[in-house]
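You will see subunit A twice below: alongside subunit B first, and alongside subunit C after that.
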Partner chain A sequence: MSRNEPPGGVFGLSYDDESRVFEALKLLSTVIIVVVGVWPIYWMAQLAVTEYETVEDAVTVVPTPETFTLDNFSVLANPEMYTYMFNTVVVAIGTIVTVVVVSLIAGYGLARLSFPQKENFARILLIGYLFSPIVIGIPLYQIWQSIGLLGTRIGLIIALSALSMPFTVWLMWKYIMTIPEAHEEAAWVDGASRWRGFRDVVVPQCRPAIIAAALFAFALAWNDFTFAQILLPSTETTTFAPGVLRAMSQAQFLPDAHLMAISLVMTLPPLLFAYFMQSYLLKGFQVRAL
Partner chain B sequence: MAGKTGESTRARKTYVPWESLPASRETIVGIGTVLPVVALYVLIAVVPIAFAFWASLHDIHTLNPEWEWVGLENYSEVMEIATFWGSLWRGVVYMVGSTLIQLAVGLWMAIVLNRITRGQKLLTAVVFTAYLIPTIIVSLVALRVFDPAGGVFQALGAEQFGLWGATEAPLGSREWAMPLLILIGSWKFSVFITIFTLAQLRAIPDRFYEAAKVCGANRWQMFRDITLPRLTGIILVVVLLRSIFMFNKFDIIWQLTQGGPGDATTTLPVLAYKTVYTDQAYGFANAIAVVMFLFLLVAAIAYFTLFNPSEEVETTT
Partner chain C sequence: MPDITIENLTKVYEESGDEIVAVNDVTLTIANGEFVTLVGPSGCGKTTTLRCVAGLNTPTSGTIRFGDRDVTETPVQERNIALLFQDIALYPHMSVQENIAYGLKIAGFSRQERIARVEEAAGLLQITDQLEKMPSELSGGQQQRVALGRSLVRDPEVFLFDEPMSDLDAKLKAELRPVIEKVTDEIGCPTLYVTHDQEEAMTMSDRVAVINDGELEQVAPPKEIYDEPDSEFVSRFIGQPSTQFFDGRIRAVNGTGELVVGDYEYEVDGLGGWNGDEVRVGLRPQHITVNNDTDAGIPATHLLDEPLGDATHSFFETEFGEVIVVTGPDFEGDGKEYGLVFQSDSICLFDTDSGVRIA
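What follows is the complex of A and B.
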């Protein structure tokens, strides 16, 4: 850097001015992100605690003492809604467990053992990203029907697990590669079997990757609409997303304020996960898994 | 009782004649570890695609499955009908529009989130929540705020900006349905790009920036020479993924507009779904699904040969 050159920030500003402009832009961006990011959640929350007659045809911004109510949450006691939410929770847990177990084992095998066609297997895995729920779901409808999995939660769990495989297996594979093999060798020297080494040395160190994979599976299962819509056709056994949409299209008593109340409850688990698990999530994603 | 050496512990287990097997023990165990994944793949991917192809050669009524062999007739019909090409075009518009907006917004959010000092954790949590919130809830809120009866955005747009009539539903208008779908989807899915790029940004050591600062680099130069090269690989990957996901997107479109008004937001997945349940033509829908899959396959192969994002990623790990 020559000393004769004029000290130059962006657009010929001095470094101090550049920093000031940068700080201002950062503040403005933060404000925009807060407003745009929080607004829909706030709006949902404020509609959820406003009397449903008011919500139907007027714009409210903050709930006033006259219109404030918690009655909307009575919709949670509605047996139908309760079933939908229960099914969603079961499917989410099932998917998380399946995905974590299967991808941990496969990731370990890919990272530590050598077997023929390993690289090709990994490449084929990536094709999994091309499978859209609709392309798979339409044929799967008939296949599940003929083997009796149509309308069962297990059928949905299998479908959702397979859909998250390309991502989570790749993630585990790359993550386990970052763990030094020497740790395991030390265990083997002490007489541990490969399985013991995997269970007691590798798995505990994989915590960030396990949490990242679990969150990914959770997001997929909690979000899923297309598979559930196709594979759980009967109203009694379906999950939240298709269930609530069907309840809306049937002409029954379901005011918007009640919908917002139940939506708020469904939003809470993701919000808590996002707050408490974000460092694991970011650490898991750092391995450039794909 | 377990002995003191490793050998005697192993002897307790069921006897496997590893030595006399044709492959080595490591190969067998290795293949065993990936077998569950292969099984899931075969069940959820290979079998359905093969089944879809077989079904697409037949004329099948959805509720009355009597398979009638028609050969390639379904495919020639798919290529002929105007709704197919229209849906393909709308799907491409939706995909390109969504991906571009999401890339811009997602990158910008990641850079801001990486740089702010106070409230970083809370703000990151809020942003991540947008991605984790179920799509149906995003749709429910969107339907609420764009409802002519008491929807705040509908009222704002009609009264302040005159974008649509006072009693008109924007999601039901030919002019606004598609742009709104792209914007509503982007609120949620931009965060996908933010998560991936933010993880990369966090991995860049601070000393790089300090060194650049000492050398007198300005912020733009630092961004261009330190940040951007680190992000290119992951950007290529997320652009590919987002394009595929948006092309395949069914849920948010179906929830918000059900492909309407008319055909204004009918993309290929919506068309396939409608064909199964509205037209009851199961074989024909499978033909659409197979064609969709082939389109994506060709596009992905082209993308991989042009940019090779996986190589980019593999070399850096």
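What follows is the complex of A and C.
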């Protein structure tokens, strides 16, 4: 393969040796990724399908026919766990919709309209990233409490959307700038209003950016712990991440194997989402000068 | 359908505190069914003028009327125009059929009516077999046909072209020119065509408007623009290869004037009352002949030949700089010395300062 590539000469080796070194390094990095990233997921998966008494008493690496079971997944029928999952799904979908709609409109405004201090406005958006969620979380708790959003899914959706927005607004802004203005002008000439041109011509072309933004917002909302812990304080109505942690501290009611089963179920949607959307995702993140 | 009247159109841009006059006091009328080309070098204000007529830019001052209707402040959506863009601007996520029908869809035509009109337009443009394709599957020439179709189905009041062929190669341009003429004839509305390509301007227009630095230099039919340019700029810009220029002087002789270029004198009409004035002498390369005798005309050293088959463009070095002459197809200069002879009845004289035509 290295024969076709421009000469590197980093190690002062021949092309063949260099490509062998390269292959070895590639293998090494793969091993590291597998150990750090995949092994815990495997561990979770194999525990999820092992009988929970076995998990409590011994260490198993591979599920055997004697210990294999799907009974652990019965935990999904547990009403508390069901509430956590349902809340997580609602919050994730709500966040995705809010983020996509708001960032499309904000990105369009930044890309197409001129207003004073536009660049500074966009830069200020990024300041949101300077604070860790916990710093914003405490004031939000007080504000949400006084306006009655505390303990509601809407409250959490707004907080999580705000967290995703700096990135997704920038993404949309830069993506919409890659769409020639002439496309919209052609729509206006055809009689379309600005809104209609935006809807019919700009939004359909933004599909890769919309999917990238949606995935970003989804990952953030699905995996969020801090905001959910602070803003949904009641154990009965929280989302999965804080809910499972609270359940763990009451381990006598929830065996580890059941914990692993529900964790596995909650891990699948992001994996599937990322897998099927990866071609769009790459296009969305490919915007130059982002 | 109405005519287009552009009156005293001025457009000033402000860029980091500086005022840039893109279009300066342009007045132009395009009659119903007339094809007028606005031609000029890049940055001369021709596209700005067109965008003001389209409603995509708002003029700083001046008025634009379609017939009796003052459209200066009318938004682009309500002007009922068609506009072909330089980068074609088909909607990439819609099929050819949907692209052509989009305007009709907005106007609220029924599905049946839309399909009928699209098919009619596609027939005229010979793209009937492309209707199901996506724009990215088409060649540049076909894409521009689709864009024409998009305009054709809407039956616009005014047809505007913004350098629609500048990204196409020469052969495709020649192929598309008759198509554009056919479509504009079919619609029969006033047409404003903007280009930097003087060949497009000459071949398609009823009248050519030459614009330079935001100001109209001359508006006239192609033949007149070519033969009787109003200014040095027009003479230089129109025609390929372009007009050759020499420094001359007018000498009064017997109540009339005589043009002196180098050691040679020419009789030019209409020079009465001039004496001793410096002038710019413009002559088309077709109106200069090459004589083997160096004493017959302005002495010139042959540099190179560009044989084109039906004629040759020959380059000479003279005391006035490099001069191009259109010679016969078999001419070969071989780097020798020649004399360049002017056809005196084709000479145009221009003021050295203002560039305005004198005679």
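Throughout what follows, the second predicted complex is superposed on the first by the 266 of 290 C-alpha atoms of A that agree within 3 Å, B and C clash if a C-alpha of one lies under 4 Å from a C-alpha of the other, contacts with A are read in each partner's own complex, and residues count from 1 in each chain.
Note that a residue touches a chain if its C-beta (ideal position, glycine included) is under 8 Å from a C-beta of that chain, and two chains touch if they have at least 3 such contacts.
These numbers come from a predicted model, not from an experiment.
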{"item": "Which of subunit B and subunit C A:Ala159 touches, first, second, both or neither", "value": "first"}
{"item": "Touched partner set for A:Asp200, first subunit B, second subunit C, both or neither", "value": "second"}
{"item": "Touched partner set for A:Ala241, first subunit B, second subunit C, both or neither", "value": "first"}
{"item": "Contacts of A:Asn120 with subunit B and subunit C, given as first, second, both or neither", "value": "neither"}
{"item": "First, second, both or neither for A:Gly128, with subunit B first and subunit C second", "value": "first"}
{"item": "Subunit B versus subunit C as contact partner of A:Gly191, first or second or both or neither", "value": "both"}
{"item": "Which superposed partner A:Pro180 touches (first subunit B, second subunit C, both, neither)", "value": "second"}
{"item": "Comparison of subunit B and subunit C by subunit A residues contacted", "value": "B"}
{"item": "Touching both subunit B and subunit C, residues of subunit A", "value": "191, 193"}
{"item": "Contacting residues of subunit A [partner subunit B, same complex]", "value": "1, 7-10, 15, 18, 22, 26, 29-30, 33-34, 36-38, 40-41, 43-44, 47, 55-59, 61, 102-103, 105-106, 108-110, 113-116, 118, 121, 123-136, 138-143, 158-159, 161-163, 165, 169, 174, 177, 191, 193-194, 215, 218-219, 222-226, 229, 240-241, 244-245, 256, 259-260, 263, 266-267, 270-271, 273-275, 278, 281-288, 290"}
{"item": "Interface residues, subunit C side, partner subunit A - complex", "value": "54, 56, 75-77, 81-83, 85-87, 89-93, 102-103, 106-107, 150, 154"}
{"item": "Subunit C contact footprint on subunit A (complex, rising order)", "value": "180, 182-183, 185-193, 196, 200-201, 204-205"}
{"item": "Complex contact set, residues of subunit B against subunit A", "value": "5-6, 9-10, 26-27, 29-34, 36-38, 40-41, 43-45, 47-49, 51-52, 55, 65, 108-109, 112-113, 115-116, 121-138, 140-141, 144-145, 147, 149-152, 155, 187, 195-196, 198-200, 202-203, 215-216, 218-220, 233-234, 237, 241, 244, 247-248, 250-251, 254-255, 269, 272-273, 276, 282, 285-286, 289-290, 292-293, 296-297, 300, 309-310, 313, 316-317"}
